[in-house]
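The structures come next, written out as structure tokens.
First subunit A sits with subunit B, and in the next complex the same chain sits with subunit C.
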Partner chain A sequence: MGMRYKKILLFLLIICITTISGCWNKKELNELSIISALGIDKNEEGEYVKTFQIINPKNVAGALQGGGGGQGPAVTVYSATGKTILDSHYMGSTKISRRLYMAHTNLLVISEELAREEGIIKILDAFERDPEIRPTTTIVIAHEAKAEDIVKSLTAIDNIPADKVVKTLETSERVWGGELKVTLQGVIKKLTDSGTDPLITGVRVIGDPEKGKKIENIQASELDATLEADGLAIFKNGKLINWLHGDNARGAVWVLDKLKKTIVNLEWEGVKDVIGYQVMRQNTEVSAAIKNEQPEITVHVRAEGDIREVRNPVKLSDPDVLRKIEKLAEKEIKRQIEGSVEFAKENKTDIFGFGDEVHRSYPDAWKDFGKDWQETVFPEIKVDVKVDAFIRRTGLRNNSYLSDYENSH
Partner chain B sequence: MEQAKISAYQLFVLIVMFTVGSALMLPLASEVKQSAWLAILLGMGGGFLLYLIYHGLYQYYPNILPTEYVQKLLGKTFGRVLGFIYILYFMYLAARVLRDFGEMLLTFAYEDTPLFIANALLIIVIVYTVRKGIEVIARTGELLFVLAGLLAISGLILIIASGVIDTANLKPVLEKGLGALLKTTATQTLYVPFGEVVVFAMILPYLNKSEKAKRAGLLALTLSGVTLALVAAINISVLGVSLLSRSQFPLLSSIQMIQIAGFLERLDVYFMLTLIIGGFCKIGIYTYVAIIGTADLFNIKESSQLSFPIGLIILLLSIIIASNFSEHIQEGLQIVTLYILFPMQVIIPVLLLVIAFFKNRKKNNN
Partner chain C sequence: MPSFFKRHKRKKIDKVHNNKKEQTKKEDSKENSSQNAAGPLNRSLAANLEVIKQKTGSSPDVIIRRLMVGGGPPVEIAIGYVEGLVEEQSVNDFLIKSILNNDDIEVKNGEEILNKIEKDIIALGSIERVNDWEKLFQSMLSGKTIILIDGSSEAISANTRGGEKRSILEPSTQNTIRGSRESFTEAIGTNIALVRRIINNPNLWIEPRKLGTITQTDVSVMYINGIVKDEIVEEVRKRLDNIKLDSILESGYIEQMIQDQTMTTFPTIFHTERPDMVAGNLLEGRVAIFINGTPFVLLAPAVFIQFFQTPEDYYIRSDIATATRFLRVITFFISLMGPAIYVAATTFHQEMIPTQFLLIIAAQRDVVPFPAFVEALIMEVTFEILREAGIRMPKIIGPTISIVGALVIGQASVQAGIVSPAMVIVVSITAIASFATPSFPMAISIRLIRFLFMLCAATFGFYGIVLAFITLLAHLCGLRSFGVPYMSPLTPFIPENAGDTIFRRPWWDLRERPRLIGSKNTVRKGNNQKPEPPAAREMSSRKGDGDEI
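On to the complex of A and B.
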């Protein structure tokens, strides 16, 4: 190999290194608008209104370092309208100086009105198809609000409102169990299954949405407008038809086996809400059987937990008493689950995936039931709820000081 | 045929990397839904038989390339024509895999980059490697095998740890019936990727210890078959049937579901690395085989001289074989398997083996 040839080769290599590594698809950080949340509404003309919550990096950094940063809000919000989801997305570029970047979008808010009237089926394809947006993006419904109100509200502690909502759902799902953090992909999966329908958590603005937009909102100790997770939206044929609240919502979360911890209030000697039973871990198994040519569902819950509060003297040191309380807890949990099953049956929508269970266990029988599962079979289905509750500990005390107090008076 | 030797272990690695290669990323046997993994295992069983056929031919002619022994079996003219057809087959499949590779890169990462550039960059690297001969390809394969193994193991741990696997999705098994399963096996998984090991008929003569060819090949097919079936089962468990059948790249969708501890997420790079390693090995082997076949058939002494022209043909072919991705995939499923893979991987080798059997029996009798 001659010297000359080597020189040419070296020259070519340098050219390659400098040009090829330049990347065709470069996306510089300071040329991007990082979208943290997206809201979707529909206006009177029937067009989609998309609201972009864009992170304002300077102000987020300032808050994290404890001052020294910008004075403005952590996010800036823009809206754009269009006839399709993608259309409204690109119309956004007429208002936003930088390239819209969705890889960090972790919240998608859909307005209740849109979910009720048009349904959510037609709007999700654009998101599933896009390689930039994550399939694990959380979806919520703006409960009795416009999606833009949720997206525009500023929040304290977690400066980025999208983070605040997602973290609230995560924490609430973990310690209370009345909410579900559902993802884009999870919703699409349930929409496409014939034997189940999705449940999506609602988020509402408590207070005045107009005040929520202003930076003053987060400069007070009590916010003028705050975002709160409220209820589970139940869907049928892709349209929102009703809301599950309170114990009914929690019953549904029990059945879906998504509940991690929760508090169950128990009645004691005829007085309501005396004992606080904290469930520490639980496991739910749903199984299907076919009896007399009709499907039957068994929901088997196994819960373990502690007694963490008594408001009347209860002799917790006595194992027999604990056994009695376990029975009460089983009854209460069963009541919650049955309440939620009844609610779903009335609405004729199988939010628990009982149909899927029948499909998996009896693929042949499913051919008969599957066709009108939601309309006729599910509302009549027999659901047997079995609960085994166990009390493991009673906290740092055995009997409550309430017993001593009563004895001394 | 170049003067080079590879070890049985290197052959094993090459077969594994080749068969797992691009098959790992594309949906396999999605018609049978929950039973896709079964179809892959059945395909592997068929692959064993096919490999034994190729191996049987190899035992009759352990020291010469198939392009040469077809001339002994069928006579000079027919043998040359058939050899030439096989070279076209290797080049066409190299182009197909290159197209798969480029389409994947463009779909999920480089949407603004022209397909030509993505494909050209990979083929340049491959041409460079292939010029160096089979020994270098084999050693590169060994290195990449370790990397791919680490990726596979860590990926498996991550996907289990993130708790996204729901084995209930695997039920009901055999919903479409046994017939549909056998049909999918016979029309798809048998050929892609297992029947594709027909290219190794061109590589077996380089093996230093010919008696180890059978063991290495069958073990390699077992490892790749089990890997592919496991990945298929994981994809179904993570994604569910409906999403799986809509996914262009199920493995990517599964990887994107991983979310651990709030920061281990969006691990698309796993897919990217698997894609590049698998694509490199598979296209590399096809390209190499096309080159040595051409050199053998046309008596070209320096086979490495052919690297650039053949690389260029494969590159151009990869661009013109289809006008869009859906067309490319449909061609692969409906036309290529029936009219190209079936005759090239099954019918012709079986006929050749029968002819070789009778010719050699005559010889032995004499």
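On to the complex of A and C.
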């Protein structure tokens, strides 16, 4: 009797195990359309236009081996419109034969126009809520372009355009420091935080977007249309208000401590851009203090690097000269950072998270500043930038051959 | 640790067995009485020979040689043996010749001549007296020679066992690179001797018995007295005595009759054809069961981890042995779950596959008309067919099958778009991994369970795999081999024995025998056995000038 009761109980438990579990769903690989990138625009009627960049696995190099391989493009793009983001997503299914699968979407493109006029706040909820989309999906702004133009452009080397954009940002962030790879969750976190505002990298199409859609585009050695990372979009209240470019952008990346390597061009004896100082390592610390009831920010940068280019004879074998160059580098880095800080102050948006730093260090004082931090406190804040730059090596030689050349002539 | 033995269960079983025993005993006695050949021998030689003739159905290989002995009134004696089971030369030289050469013996009656032959004439080592039919037939049919004497109700049985048998060859299933090259043969005497040669110790005890009501197969239980746990020997004896089969043709008959748990695919008794492996296991406190007619010797109790160990693990350095054991654990998981993980990942959890890899699989899957599970099933079953065919077919056809197998499965099916290349890779890796498990019964049981895992993966994805794995673990932890938990010393965890599981600690550090298996004498070796380099003479002599380092 006991055995039978136990067996029935076991059977019921097994049934429960299979039914009370969370969502599970069988989906065969050849029933999925794997989306690599999504673009969001707004059309004249005020509807969202969602552009799906769907990977065509057979046409991706590397997968060519077995199936005879197609000659077509690596991706196929569809657009759908809807009154909401989700609406446009499901309208997409009327055009696409397979189930839209977003777990491998690693690029989200938002058009500049949409970001300026409506802002990005209302858009992102649909993405954050979706169980398929990864929180680590990279977000970019289509700079002076429609999001669909970015999504539709074909790229060479990296066949999947979304891959190309993401990898460009990664590489550029690592070796140049003028761009940032920001993720969906990173943007949302900064948007909801009163002490900081997000920075999102812009991507633009260089050339003719129409030609970029054609496969002929990637069959030439020089592409008719390429995608290029360009500038950092700065936001205020969730809306795009301005762009950071060049040294200003790099200054912002310095402060955010996201910079890994970069090149700083130094002036020598009145001649510009003589010495190339390559930063190999850097560490930035932002600290806040309250003096005279006003917050003050200290940005302390410590950079180590090599001298990798000398265009005039400079006596690098002399330690005093190196010390002098170090001072020059410190000055130049400081200039870049201060330029960036000034720009942010003018736009009244705290992209550096100085507010967060004050909040963390002085939670009580933050109650006073917090409300109108962006509007009144941040633009007036005193920022003290300290830079310590060190030269560790001078490449494979010290004095340039240019010194010998000079001597012999 | 007696708490691990499930005594209450065993009692129940015993009762059942005892009842059966009594029943069968009754049947046996009935059978014997009807045949008129039980009980003691007759005094008349002619009557005795008549019974032999009748009992053996006048089989031509039962040779009866009648001789006249004695100088006085000659007494007739008969020498009986089975052709092919005896060593003819020793029968001729040491029995017949010696008896014929002793013509001049003075004898009065059969009893005296029996004494004389036993004490003076037979030039053989092992002889004994037989006085009942059952024993007589048993010794004759196991290769002994019987000497019957007219006028005596006793016979002499002389050990002349011999005849054709396979020589000792290299093991064919459990090969090692380093270690003994000997393997067991079909002859039980040879097999026991092979182990005796390794363990030269009087404590190596052997208990012979006959099993199989018709075959009367020789079965011997071997253990090392003083190391083995008495309870285990007692348990082995009891289980062997309970066997009432008409035949024992291979060790598998006994294995299936004495295992603890029948509802499992996992082997709970180990078998080997290597004498060194038997010796090693006896030294850990296990019991070996030798069966005549098979080169496979049973070892009990067996634990799970044992099936992933090879004798070579103990012969090579411990670091290398540990690394290979880790590898075997990995192959265990691959062969258990390889296709299941592939099916689950490609049909449920595409988000877990790196994008580039997913695209490669997706491109291949695009042309495949079946769901991934069906695809995996097709390939797995095909492989099993190939494997099974490979064992049975004549060796000459081997290359043909491998060409057909490789071409049809490896290439044509991929080109035809029936299966994807990725699936072929997964199935191949799984197949190779399953052969990396040293024990065949373990490997095949894993292969069987693999299909269960695939089914779970196809219905519930990783969730199903996890469920199946938990069930499997629970099942494994519930198994016992002669009362010893199957998963020991992992669960229950015995720290002293954990050094010889997935790891193999060096010999100088491997102090304890398995706790649950051997008990009386748990320590293997002396203390401080770690080899050290000799203290350098220069270093110590230089101490004066170069000290305080």
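By our rule, the second predicted complex is superposed on the first by the 377 of 409 C-alpha atoms of A that agree within 3 Å, B and C clash if a C-alpha of one lies under 4 Å from a C-alpha of the other, contacts with A are read in each partner's own complex, and residues count from 1 in each chain.
Just so we're on the same page, a residue touches a chain if its C-beta (ideal position, glycine included) is under 8 Å from a C-beta of that chain, and two chains touch if they have at least 3 such contacts.
Please read all numbers here as calculations on a predicted model, not as lab measurements.
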Subunit C versus subunit B, contacts on subunit A by residue: C
Regarding the shared-chain residue A:His359, is it in contact with subunit B (first), subunit C (second), both, or neither? first
Name the contact category of A:Glu28: first (subunit B only), second (subunit C only), both, or neither. second
For A:Gln278, decide between first (touching subunit B), second (touching subunit C), both and neither. neither
Can A:Thr76 be said to touch subunit B (first), subunit C (second), both, or neither? neither
A:Pro135 in the overlay: touching subunit B, subunit C, both, or neither? Say first, second, both or neither. first
Is A:Ser93 touching anything from subunit B or subunit C once the two structures are fitted on A? First, second, both or neither. neither
Once the shared chain is lined up, is A:Ile17 touching subunit B (first), subunit C (second), both, or neither of them? second
Which of the two partners, first being subunit B and second being subunit C, lies in contact with A:Pro57: first, second, both, or neither? second
Considering only the touch criterion stated at the top, classify A:Tyr101 as touching first (subunit B), second (subunit C), both, or neither. second
Intersection of subunit A residues contacting subunit B with those contacting subunit C? 24-25, 103, 134
Quick check: in the complex, which residue numbers of subunit C touch subunit A? 346-348, 350-351, 355-356, 358-368, 371-372, 414, 417, 420-421, 458-461, 463, 467
Flag every residue of subunit B that touches subunit A in the complex, lowest number first. 107-114, 117, 121, 168, 171-172, 175, 239-240, 242-243, 253, 256-257, 259, 265-266
Give the list of subunit A residues in touch with subunit B in this complex. 20, 24-25, 103, 131, 134-136, 185, 188-189, 192-193, 356, 359-361, 363
Could you please specify the touching residues of subunit A with respect to subunit C in the complex? 17-18, 21, 24-30, 32, 34, 36, 55, 57-58, 60, 62-67, 101, 103-104, 106, 132, 134, 163
